[in-house]
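Below is the structure I would like to discuss, written out as structure tokens.
Letters A, B, C, D, E and F name the chains as they come in the text, with residue numbers starting at 1 for each one.
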Amino acid sequence: MIELILFYAFAGVTIFAAMLMVLSRNIFHSALFLALALLGVAALFAMMGSFFIAGIQVLLYIGAVVVLTIFVINLTKQVIGQDVSQVNELVLPAIITSLLSACLIILAVLKTDWGTRIAQSVAQSELTDNTAIIGRQLLTNFVIPFEIVSVLLLAALIGAIAIVSRDKEADK
Amino acid sequence: MTTKAPFELEKLSNDEYILNMGPQHPSTHGVLRIILKLDGEVVKDLYCDVGYIHSSVEKMCENKKYEMIMPYTDRLDYLSAVNYNWGYALAVEKLMGITVPERAEYIRVMLAELNRIMSHLLWYSAYGMDVGALTPIMYAFREREEVIDMIEGMTGGRLTHNAFRFGGFRNDLPKDFMDSLKKFIGHFNDKIDEYEALLINNIILTARTIGVGVLSKETAINYGVTGPSLRGSNCAIDLRKTAPYSIYEKFDFKACVGKNGDTWDRLKVRMDEMRESTKILKQAMEGIPAGDIMAKVPKIIKPAPGEVYTKVESARGEFGVYIVSDGTDKPYRIKFRSPSFSNLSVLKEITIGSKIADVVAIMGSLDLVIPEIDR
Amino acid sequence: MIFTEILDKLKAKHEVLESKEDLGVLNAWVSAKKIKEVIGFLKNDMQFGQLSFVTAVDLMAANNIEMVYRLFSYETKSDVVIKVKLDRAKPEIETITSIFSTADWHERETSEMFGVKFLNHPDPNRLLLPDGIDMPLRKDFKCADMTPLPKV
Amino acid sequence: MELIKELLYNSGKPLGELYTWAHGIWAGWGAPPFLLDLIFQIVIGVAVAAVVVLNALWIIYYDRKLSALMQIRKGPNRVGPLGLLQTIADTVKLMIKEDINPKAVDIFSFWIAPLIIFIPTFAVFLVLPFGKGLIPADLNIGILYVVAITGLTVIGILAAGWGSNNKYSLIGGLRSAAQIVSYEIPMMLVILSIVLMTGSMKMSDIVAAQSHYKWFVIPQIIGFIVFLIVGNAEINRAPFDLPEAESELVAGFNTEYSAMKFAFFYLAEYTNLFLTSAIAATLFLGGWEGPLLPPIVWFFIKTYFVVTILMWIRWTFPRIRVDHLMEFSWKYMLPIALLNLVITAIVIKLV
Amino acid sequence: MITLSHYIILGAVLFAIGIFGVITRRNAIGILMSLELIFNAVNINMVAFSRFLTPEGAYGELFTIFIITVAAAESVLGLAIILAIYRKRQVLNADEMNLMKW
Amino acid sequence: MIKYIADIIKGIISLMEGLLVTLKHVFRKPITLQYPEQRPDISLRFRGRLAMPIDPATKDNRCTACMICVRACPNHSIECEKIVGEDGKPKPKPASYTYNMGSCIYCNLCVESCPFFAIIMSDEYETGTEDKASLTMDLAAEKYELKGKKAAWWGSKFKTEG
């Protein structure tokens, strides 16, 4: 019972924040709402017992990605005080596309018979913390993807620095 | 003061923006406005806007009798008022040909050196605030209070002393002056060591100041920079040594110089100067003769027509008084050449290319007093 | 260096309109057109490294504005004063900012205090005064706030 | 008497008994049990809130008194005995002051910023081990939670900086973001070496691993120093108070703030100070462990020991410059923390 | 009782909102942020599937970690590119970034 | 590498020196003066507001309305009027002696110029008020009584010299 209430609360917050993020006229507000939506998602992760993922979500997504986004918004100072519509002329096609995709997925979910697949798995009430499992998996079965991702991150870091660093000659 | 924007906004490139520092800003030490053109945190251009507290002292003095101008010189630089009194008194005495008795000269030297210490202590504490250290101000003010008490005992004023009269002093030193001076000299050098350990030698501060705001000797002289700011640039020009006035030849002290002319050298010069001042005070205390404190001065000050320029080494640099007399009891034209005026003008030269925090650090190291710039 | 020496050296190179000794310091009057050369000569050839100040005196009786340039030499420890008489109605003089950078602010101050126009000045903005107050150091400046000393 | 002693020394047991006892009564009434859980949660929340606020008030007073000691002053001594009520008076003053909303601000960001800054601070108290069994929620990812949640503060500072529509605020916000993000890395590395030593991120496990006075401050002395420095930088206190450097940026991101909103920033700053110290005490100084005195007292003693060190640093040093700050993080803190981590790993493997 | 469907439907809704944002936003940063939303919708699904179907291996969580990492890399690069374009051409709106369009 | 470590060690030493200074001060006595209760010991020559004390011998002020102080004041803070007797001739006593504290710069020039030691800069330094009008006061009517060591000092001055 209490879990259901919490689920609906968090889901509501997430969707509400996501809607506001998409519709907000001010890009900075959008970023703040994005942070809220991500926080809601993190809470949902925590509800599912994936505390580690929730922590990573907050640490990386909010603490790094959103902060970076806000940082860039601050740097492109043109936006301050601007209150023009942030939405282009594609509203109607966008609504149709998004509704269609949502309906499709929901229909597929409802049509699928999950019962048999869940049956042999652990019931939800027994969901335990799986941080240890993740850690073991990352360093055994998934060690190569793990390393590849770290290389990717390094490459992205260097690439970002290279892109943003100023052209010394162009300056002069 | 200017109403025109000094660099047009259209000239800004995309990454640059204008930041108004002042007129009310915690680290401009008064009402000074600095318009910065910044790229991120780096200063690209800078414009000093002064004159917010201009009170036209020179015009005021043209309408006052000679003896009435003395309290106004206090208010030019309220931190080393005695030196400014001295500059003015010296000018009128030279114009009138008055010789000051030796005891009065000794008292003048003592007051001036105490005043220099007082000013440097305030500079030290304010500099601590400028660079974010909040404790130095308390320690420095403890000693400063002792100095002020001594000067107050002699002159009656704590900040605007109005100490000098033409020809000497009205009152002799109070009885307990020598005792408190002795006590002060006794422990002050240890205190300076503490100050240096607390702030000047701190690695954070040295990292912030060494190599920052380098003022070369040529630039400094070209911009008319004087005082400790000039001596920081390895230029041993101290008016007490190079153009001695009063009885400064009698004392054994050295003009403190820095090596590279960066911000840290200017700080160090001021700290050393306090030690030298203590030395002078010690010699003056031992050598002070008995005798008159006031020369024979006519009741009405009416100098012969002519003009005079005298300069003294104030805590900030060369303070000069230029008087044109037309034979009446009021000066025809009086001009105060104030050290901070020239010292501030060099700020642009040495700040461009450094960070916002450096602007504060460099400006603090120049030791500005705004009323003296605006006059 | 005593004043006669300076005067001789100066006279050898440039025209000195008038000169006198005042409390041991040479005061030399030169013409307004020559000011830049004279100051440059004093700085480069006679080691007058410091420009103490630039100011002006309003000689209302003679209908003149007198520019005063005071230089000091750290090497020889001697002063020299260069003066220029300008027409009070239309005071104009060449700037010496290119020789002494410190002259920049001093000239701007003089400019607004006496209305002297400095030709070719790099930054002719006002320095100290707000708009609306002009030439306060001229002797005929009047202001409502100015009260004379009481006559008792 | 017994109960109080039990509560002080081994809080988990009596609290658990209380909980089961209440459940029994509750079941007797036939009310749904989750409501009781909710009530318990709320009680814990209120208790934590009370601790947060009282602690912030006290710590501000402590800071002022300590600074007064170092600056040969007397500090607050007018309001109440020894000036103890001074901070309360200040808070009341801030509450009844006019709350100014400047015209040009972005109202939404301007209002939300103090909350964003305060809430994570508040939330971290959830995993602080005050005593044996006295931990509001002993999360499995305890220390990761702390790091993740405190990282949210930077969004608040950025919102305050941007929303104030003031260049000083904006620079302060940008500085803060750069500072917090780059200091989080050495902090994580130091915490990782602790996690390596304990094998758990749970706060209670970390404390348990240090039982019998095997405090991590001895093997991890470098880590402790790095943690203090980095933690000090994370909470924007001098000498790392660049986002609000008053001599350069007037007041940085809180230039435009007044009254209650400012009080939130102020409270959050001091609560953050307490938090960093508490975490340092937990990670390195054995948490609530200690002889004679009750655990909770030991916890506070250790925390305040760290607080005192941080304040001592604050009242002594000048402010670091922004590029040196970055340099310091990347050139000194990060390699040292990394080296510390590697050495820890090797030693653990060998021993 | 919360079922798997709850989470998947929530993910679908978030996904739809994200799609809407990506299509309609003019500001390039806004598009990037909407992309993050889509990533999150996927993450919810991943974690939910993992929790309900394969809790013993935590495969979904592992994929989530990789997704988060890749998303971080993606947003870093995206923002860097946006910043570079803004510096060069003063535009932030995606429909104005048309130098390579013909 | 050696330089790197040397830098760190040098930095730590300098920081420690600073910390030591503040630590030393923790054990020193505070120098605070609890102002309204504790008063500073101000010097005899301190220049507070201008006062025209009553001479305890004659129970009257010593002013002769000679106007020297009015002329000595640099910014017209003093105005003085003589008593006009029944015969229409002014007498050497002030009818009013208006002192404007708002414009006074506490320079002591009036006191030094006074040949009769009639006025003195008192040791009163808490002169702030809420309205401007109270800054202008009539010293002749005020009947100021000088207290403390300053009174003795003032008394000794005119008794020995005049």
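Everything below uses one rule, namely that a residue touches a chain if its C-beta (ideal position, glycine included) is under 8 Å from a C-beta of that chain, and two chains touch if they have at least 3 such contacts.
For clarity, every value in this text was computed on a predicted model and none was experimentally measured.
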Joint neighbours of subunit E and subunit B, given as chain labels: none
What shortest step count links subunit A and subunit C in the network of chain contacts? 3
If I rank D-F and B-C by number of C-beta contact pairs, which comes first? B-C
Chain centres from averaged Cα atoms put subunit A and subunit E apart, in whole Å, by 6
For subunit B and subunit D, let me know how many angstrom lie between their CA-based centres, rounded off. 45
What whole-number Å value describes the gap between the mean CA coordinates of subunit C and subunit E? 71
Where the centres are mean C-alpha positions, what is the separation of subunit A from subunit B, in Å? 60
What are the residue numbers in subunit D that touch two or more other chains? 70-73, 315-317
Two or more other chains touching the same residue: where does that happen in subunit A? 52, 56, 64, 73, 75, 77
For subunit F, what residues touch not just one other chain but two or more? 15, 18, 21-22, 25, 31
Looking at the complex, which residues from subunit B come into contact with subunit F? 64, 67-72, 75, 135, 139, 142, 145, 149, 152-157, 160, 162, 170-171, 174, 194, 197-199, 201-204, 206
Going by the contact rule at the top, pick out the subunit D residues touching subunit F in the complex. 68-74, 77, 312-313, 315-317, 332
Quick check on the complex: what are the subunit B residues that touch subunit C? 1-4, 6, 50-51, 54, 56, 58-59, 62-65, 94-95, 219, 221-224, 237, 242-243, 306-309, 311, 318, 320, 322, 324, 332-333, 335, 337, 341-342, 345-346, 349, 374-375
Okay, in this complex, where on subunit D does subunit A touch? 32, 34, 37-38, 104, 106, 108-109, 112, 116, 139-141, 144-145, 147-149, 151-152, 154-155, 158-159, 161-163, 165, 170, 173-174, 177-178, 181, 184, 201
Which bits of subunit B are touching subunit D when the two form their complex? 17, 19, 25-27, 41, 128-135, 138-139, 142, 198-199, 202, 204-205, 207-208, 355-360
